[in-house]
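The two complexes that follow have subunit A in common; it is paired with subunit B in the first and with subunit C in the second.
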Partner chain A sequence: MTRHRTPRRRRLDELAPPPRIAAQELDAQLDLLDRQVLDRDRVQTTTVDDIELTDVADPANPDPARPPELTALLTGPVLGTRIFGGRPPESRFERIPWTDVSEMGTVIRLGVAADSLDATWAERWVRDRIIARIPGGTHDPQ
Partner chain B sequence: MKGILAVALGVLTAIGGFLDIGDLVVNSVVGSRFGLTLVWVVVVGVIGICVFAQMSGRVAAASGRATFEIIRERLGARMALANLGASFLINLLTLTAEIGGIALALQLATSIEPTLWMPVAAFAVWLVIWRVKFSIMENVTGLLGLTLVMFAVAVFLLHPNWLDLGAQILQQPSPHSAESPATYWYYAVALFGAAMTPYEVFFFSSGAIEEKWKPKDLAQSRLNVLVGFPLGGVLSIAIAACATIVLLPKGIAVDSLYETALPIAQAAGKIGLIVVILGFVAATFGAALEVTLSSGYTLAQFFGWPWGKYRKPAQAARFHLVMIVSLIVGVGILMTGVDPVEVTEVSVVFSSIALPLTYLPILIVANDPRYMGKLVNGRVTNFFGLVFLAIILVASIAAIPLMIITGAGS
Partner chain C sequence: MILSDLLRRPVFAADGEYLGVVVDARFALDGTRHQLLNSPRLVGLIVSPISRTSFMGYERTGVRAPALIAAWFRRRERGSFLVLWEDVASLKGTTVELRSRATLHSPRLAGDGRVEG
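So, the complex of A and B:
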């Protein structure tokens, strides 16, 4: 004997998952800081050393209607100042614009290639000046 | 058939890869001074490394994340940086000891000053890391390291008084009145550190990602660990037993690998010596590869750099640069004329100080379903994990006071 479901039941099964609620809550400390960042090809890019927020007009009395916005993930020297205090000069900020972020989970995924970012200059510098110049540096291990 | 071969290969390389310069030196020092009274420490250490190696392999396979990424996510930047500093420095010390160990082993084979071998050894280590595939590297050094089975064979060839040896295992504490209890416990901590060195966990979890383990490979990994490591531990005990039978009655102190190999020469002659020297070279070389890679793994994972031997060196530039610099620093330390055996003893004691830093975060993440899904720790694993964390903590706290009281075991 063959069982068959009612058409009504089948339609329920085929329903798409409910849409995500518009304001999904995110704890910057838990879900952002110190997370690994991977680029669109799953290449390790950096770790989130700090985040950049827009200024609030009056920090003493924040206006709930106009909260600060997340503009960029920061990396580089900012890690040192986050741990030991202080603030690096404006020219030393290495930013990954928040608009490049495509997905968040236990890792943060970017929608762009790591090499296209300014923030990964140190990796490229070491590669081009040192590692690629040593014989065998650009070959697969055998 | 192919499956059985793969399983056998995994287990054999785990046995051969278990021993490094720390195990070789400390077991033979302990055997020559305390007989077999400290065997219980090796047993405890091996169970501990089984629990945590198996756990870190499972974390890597289930989450695809390596240990130090997780340490930073869990402990935050500040604590993780302190942890990185300690782990990296101790790793560097272990690396120095392993390169010194290769040089000592090559000295046994060639009678050429170890100082001359050190840069050669470091260059060879770099070359293998630069050019050789991960799986080949692991299997070759692991299989050659199996020649250290010679120590187990030698115990039988030496025809010891078995009852006497067995009685020593139960005699507590050391029956040799010349040694103070503090020295006994100092070497207990050293043996523990030698069995559970932190780099093994970094290497094991990052290696799992290098070899792209998936949850279905976990059965094989568990078998490698649960069969291979205890058999490696048996070899450790055999080294101590050889020293107990030959060196202890004559009062010979272990100052280099020469004394470690002496019982083999007595039991099995030249052939035995050749086999065991090959084993020394393979074990120290294999460990040097693992420690060098670990220095790259820890730093790259903390900062989120690209890493891994499965990439071309140019695609993991800073990872390779860290390893090159570490090797140069290691050789530099050795070139100051320090005794590699002393470096080894210090490195295993400092390893036991750093153990809680590595093991606590793994235990925490292995219980987090967001990383582990269905593969979170069971109750039995957690029980053992917590018991060993307590033991590790005690050893870690006791290490420095014991070192000061005993003048580093002298």
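So, the complex of A and C:
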């Protein structure tokens, strides 16, 4: 990793005031990452491990008028990479399209059922192939 | 592109001065309209001159409690700033380069639009 000279810490009075934005603002690390995701029936679905953005057409000269937009919440195996660095390949992430998100807050609410999402395939597989074969595994505990 | 591709990238001014690393990305819910919520549009990047991550966001909110912890994290994150997408000149390679005369904004979140939680 390249080491750079420690930059100067700017005082608050050296910075311009925050821009005025009419819409709701959210910071990815504070308001999205690691948030719990609930489906339309309030069933816990997953947590947000990363987010997908639209690609920048020309990274060497990004268009100021076309900022990237968030297209999907991603969930995947990030524990190892958070400890040791790097990130999993994009193919290892499961996508939840932003069009399925219905509400932002302490948790993220979806407008669809968890069973309809690819993100829950592992849980469904274990339920249908393993738990269901255990006697009593197909109904709620009495 | 995914967010991890942007986080922890070193940020340089147009004259080559090293300014810090990207610790967060700010969005506004005013992008493409959908039935449930508009797509979040990338407003800009939060850059920290010292730390490589941002923890709890004390430097961006008006939260002052618990006082000792708030004071510690505000001190740790002092000097952070927001740079708008319009001021990003290049994302080539693994760095972010800003345009000349890019404006560095306070990273404070506007109270009106804050997502509580």
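To be clear about the criterion, the second predicted complex is superposed on the first by the 98 of 142 C-alpha atoms of A that agree within 3 Å, B and C clash if a C-alpha of one lies under 4 Å from a C-alpha of the other, contacts with A are read in each partner's own complex, and residues count from 1 in each chain.
The rule is short, and it goes like this: contacts are C-beta pairs under 8 Å (C-beta built on N, C-alpha and C of every residue); 3 or more make two chains touch, one makes a residue touch a chain.
Predicted, not measured: the structure shown is a model, and the values here were computed from it.
Novice: Answer with first, second, both or neither: which of subunit B and subunit C does A:101 touch in the superposed model?
Specialist: In the superposition, A:101 contacts subunit C only.
Novice: Per the contact definition in the header, classify A:52: touching subunit B only (first), subunit C only (second), both, or neither.
Specialist: second
Novice: Is A:87 contacted by the first partner subunit B, the second partner subunit C, both or neither?
Specialist: second
Novice: Quick one: is A:123 in contact with subunit B, with subunit C, with both, or with neither? Answer first, second, both or neither.
Specialist: After superposing on A, A:123 lies in contact with subunit B but is clear of subunit C.
Novice: Subunit B or subunit C: which reaches more residues on subunit A?
Specialist: Result: the larger residue contact count on subunit A belongs to C.
Novice: Contact-wise, after the overlay, does A:61 reach subunit B, subunit C, both or neither (first, second, both, neither)?
Specialist: In the superposed model, A:61 contacts subunit C only, not subunit B.
Novice: State whether A:25 touches subunit B only (first), subunit C only (second), both chains, or neither.
Specialist: second
Novice: Quick one: is A:69 in contact with subunit B, with subunit C, with both, or with neither? Answer first, second, both or neither.
Specialist: second
Novice: Just which bits of subunit A does subunit B share with subunit C as contact spots?
Specialist: Comparing the two interfaces on subunit A, one with subunit B and one with subunit C, the shared residues are 33, 106-107.
Novice: Help me check something: in the complex, which residues belonging to subunit C touch subunit A?
Specialist: Touching subunit A: residues 1-5, 7, 10, 17-20, 23-32, 34-44, 46, 49-50, 53-54, 56-57, 60, 78-79, 81-82, 84-86, 88-92, 103-110, 113-117 of subunit C.
Novice: Quick check: in the complex, which residue numbers of subunit A touch subunit B?
Specialist: 33-37, 43-47, 49, 75, 79, 82-83, 106-107, 114, 122-124, 126-127, 130-132, 134, 136-142
Novice: How about subunit A: which of its residues touch subunit C in the complex?
Specialist: Within the complex, subunit A touches subunit C at residues 2, 4-12, 14-31, 33, 50-56, 59-62, 64, 67-71, 74, 87, 90, 93, 98-107, 111.
Novice: How about subunit B: which of its residues touch subunit A in the complex?
Specialist: Interface residues on subunit B, with respect to subunit A: 63, 65, 69, 72-73, 76-78, 80-81, 130-134, 300, 302-307, 309-310, 312-315, 317-318, 320-321, 370-371.
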